[in-house]
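Take a look at these structures.
Two complexes, one shared chain (chain A), two partners (chain B, chain C).
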Partner chain A sequence: MKKAEFIAKIKEDLEVEDELTLDSRLDKFLDSLGTLALIALIDENFGKSIPAEEFQKFTTIQSLIDYIGEEHFE
Partner chain B sequence: MNKIFDLEGKNILVTGASSGIGRQCAITFSKLGANVILVARNRQRLEETYNLLEKGNHLLFSQDITEYDELEKIVESSVEKIGRISGFLHSAGVEMTLPLRVMKPSYYENMFAVNVIAGFELAKIISMKKYLNESEASFVFIASVMGLLGQPGKVGYCSSKGALLSGTKAMALELAAKNVRVNCVLPGVVETPMTKKMLEKLPEDAMQSIKNMHPLGLGKPEDIANVATFLLSDASRWITGTSLIVDGGYSAG
Partner chain C sequence: MSVRIRNIEYYLPEKILDNEQLEKDFPGWSAKKIENKVGIERRHVVGESETALDLAFEASKKVLKDYDKNKIDFLLLSTQSPEYYLPSGACILQDRLGLRTNIGAFDYNLACSGFIYGLALAKSLIESNIASSVLLVNADTYTKHIHPKDKSNRTIFGDGSAATIIEKSESEGILEFSLGTDGSGFKNLIVPNGGLRHRYDINAKEIDDGSGSIRTDNNLYMNGPEIFNFTIKVVPKLVLEVLEKNKISLEDLDYVIFHQANKYILEYLRKKINIPEDRFYLDMRETGNTISATIPIAIKNSLDKGVITSGDKILIVGFGVGYSWGATIIKI
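On to the complex of A and B.
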C-alpha cells in the first residue's frame, strides 16, 4: 500500500481526530488500547509481529515504516 | 474424613495441560491419586507436564481441541486404556485484548472455539454413558472474573468467559440425573504465561494498577488447582451449577 494509505488507515482504525503525517509522534495519539490496535493493523497488513513491550522504541509513523520496510510501500 | 478431599483412582481429563493453570491442576490431581489425561496442542510442553506428574496411569494427547471431530477418539482411547472418566477440567483458553473498533468476527470465533465450544463438546462426549464413570463425575470449567466484570479491550474475552458461567448452570441441571456435577472456577489474574503476555502489553502504570487491585496480590496456579481439586473431589458432593470466585479479593472492590 501507499504510505498515505497506511496513514489514512491508522487515522480511521484508531479514530484519530488530528491530521497525521509521517513525522507525527506516536505518543501524541496512542493510548494502550490504540497501541494494541496498531500492532494488530501492522500484523494483518504486513505480516510483521511487534511484541507490545518493544513498541516503546517507535517514535513516529516514519519509524514504523522503517521497521516494516520501505519495500512494502508503493 | 481426609479421604474425601483426595482424588484416588479418579480418571480426569485436563485440557490446556501444557502450561499455566492446566499444568498445575494436572500435577496437583496426580499428587492426590488421580490418573490424568493431558490434552493440549504443544507436544513438547505436554511431555514436560507429564514428567512432572506423580506416578499414575497418565496419558497424553497432543491435539488442537478445536478440531472437534478428533475429540471423541481421545476420550474413547482413554477409556479403553484406563477406564471410564470421572473428572473433566477445561483449562484451555486464549486471551485477546483489542479495542472493539478493530475486532473481527474471526477473532470472536477463535476465542469462543477454544474457550467455550471445545469445552462443551468434550463435556458432551465424556458424559456419554459409555465413557462416563457409573457412580459420579465432576466437570470444572476454568472461566475468569472477567466473565462477571468488564474491561476495555476485552469484549471477546469477557463474553467467552461469561458464556462458561451460564453454560455451566444449564449443563449442571441437564447432567444432574447422570450424577455429573458441573461448576466453574473464576480466577483473577494468576501468574501464568498467558497473563504474563497480556500484562507485558500494558504500560507500567496500568500493569501496577492491575496488581494493586488484588488485595492479596496476584494468584499462583496452585491457588486455582487447589480449588479445582475440591470441586472434583467428593468433598464438593452437593455443589453443582455454581461459580467459585478465586481472585485474591479483586472482585470484592
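On to the complex of A and C.
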C-alpha cells in the first residue's frame, strides 16, 4: 500500500477533518471509537492485530507504519 | 431424543437512559455520533431497588403465562449480577415462581456466551433424561457495576432478562455446538473488586481511561481494543467451526444472530465473515447490549416481526467475558 493511501484511509475511517501527514499526531484521534476504527483498518489491510498497550506508542502515523512494518508500504 | 426451543419472552426495566440524557451528563459527547457508530439510542436500566433476579422473575412469568409451570423440571439462571454470593439465585427464583420443589436449579456465571451455554446445558439435561422441560433464564444488570462517570460503558450497556423454555420434541431444534474458553483475557472485561480476591474498597481511587471515562476498581472495566481484538480472532473461526460441525454452509442458513455487542463490532465481523446484510440481525437501538439476554431478545424480536419463521435455520453466536464463546444452529 502507498503511504498516501494509508493516510487517506486513516483520515476516512477515523473521521479526521484535519489534513494528515506522516508526522501528524495520532493520539488525539484515538478515543474509544477511534481506537476500534484503527484496529479494524489494520486487520482489514494488513491482517495484523495490535495489542491495546501498543496504542500509546503510536505518537505519529509514521510510528504506526514502523509498527506495521515498512515492507508493507511502497 | 430431540430438543427444541418452545418459547422465549423477555422483560426490560421501565426506566430508560437515552442518548439525550448521556449528552447532558457528558458535554461534548454527541448523541448522533453514538447512535450512528454503536447503534444504540436508548437503554433500559434498573432502579436502585431492582435486581437482575427481579427482571428474571418478570421474564419467567411472561414465558410461563401460556405454559404449565408444573412441567418445568429444571431451572437454569445465567447471571453476573447476583443478589447474593450465596444462595444461588435460581433457588430463590424457583420459590418466587412457585415451581415444583422436586426439580434441579442452579446459577452459572457467564455473560455474552450465557445463552449459548444455557442451550447446551438444557439440551444435555434433556438428552440424558435428567430433565424434560428446562426454563433457561438470562438476566443481567451491568449498569449496577458501571461508574456514573464512565461514558463509554454507560453508552453500551443496558439491563434486561430473557426466559426460554426448552423441551423434548419430535424433530431436532438445537443442533451441534462449538464452545470455547480462554481465561488469559479475564482482566479485559472485569469488575475487579467486590469478590473475595479483592474486596469492595470504599476508598477506591477514580481512574481516568484517557478518553474521558472514569471508573474505580469497584466498577466494570472493559478494555475495548482488546475485546475487539479477541472477537476478530475468535468469531470468524467459531463460525467456520460450527458450520463444519453441522455440515452446513453459510448460504444454507436463513438468518444469523450474533450477541449484540455494539453495531461497530458486529458490522466489522459481518463483512469479515461475508454474511449477507439482509440475513444478519443488527438491532440494539432500544436496548443496548443486555449481555446474556441479547440473543434470546433478538430471536424473539425476529419471530415477532416475521423475519424468521417456522422451519428456518438460524446460526446464533455468543462471545465475550471470560473470554468465553459459543455457537450453535437452531431450527425454529
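Here are a few things to note about the model shown:
Basically, the second predicted complex is superposed on the first by the 74 of 74 C-alpha atoms of A that agree within 3 Å, B and C clash if a C-alpha of one lies under 4 Å from a C-alpha of the other, contacts with A are read in each partner's own complex, and residues count from 1 in each chain.
Keep in mind that, in the parts below, a residue touches a chain if its C-beta (ideal position, glycine included) is under 8 Å from a C-beta of that chain, and two chains touch if they have at least 3 such contacts.
Treat the numbers as computed from the prediction; the structure is a model and nothing was measured.
By the document's definition of touching, of the two partners only chain C reaches A:49; chain B does not. Applying the stated contact rule after C-alpha superposition, one finds that A:13 touches chain B and leaves chain C untouched. Judged by the touch definition given at the top, the superposed model places A:40 against both chain B and chain C.
Shared-chain residue A:32: touches chain B and chain C both.
Common to the chain B-facing and chain C-facing surfaces of chain A are residues 32-33, 35-37, 40, 51-52. Per the touch definition, chain C reaches chain A in the complex via residues 33, 37-38, 152, 188, 211-213, 223-226, 228-229, 232-233, 264-265, 268, 272. Those residues of chain A lying in contact with chain C across their complex are 30-33, 35-37, 39-40, 43-44, 49-52, 55. Chain A makes touch with chain B in their complex at residues 13-15, 32-37, 40-41, 51-53. Contacts from chain B toward chain A in the complex involve residues 97-99, 101-102, 152-153, 200-203, 206.
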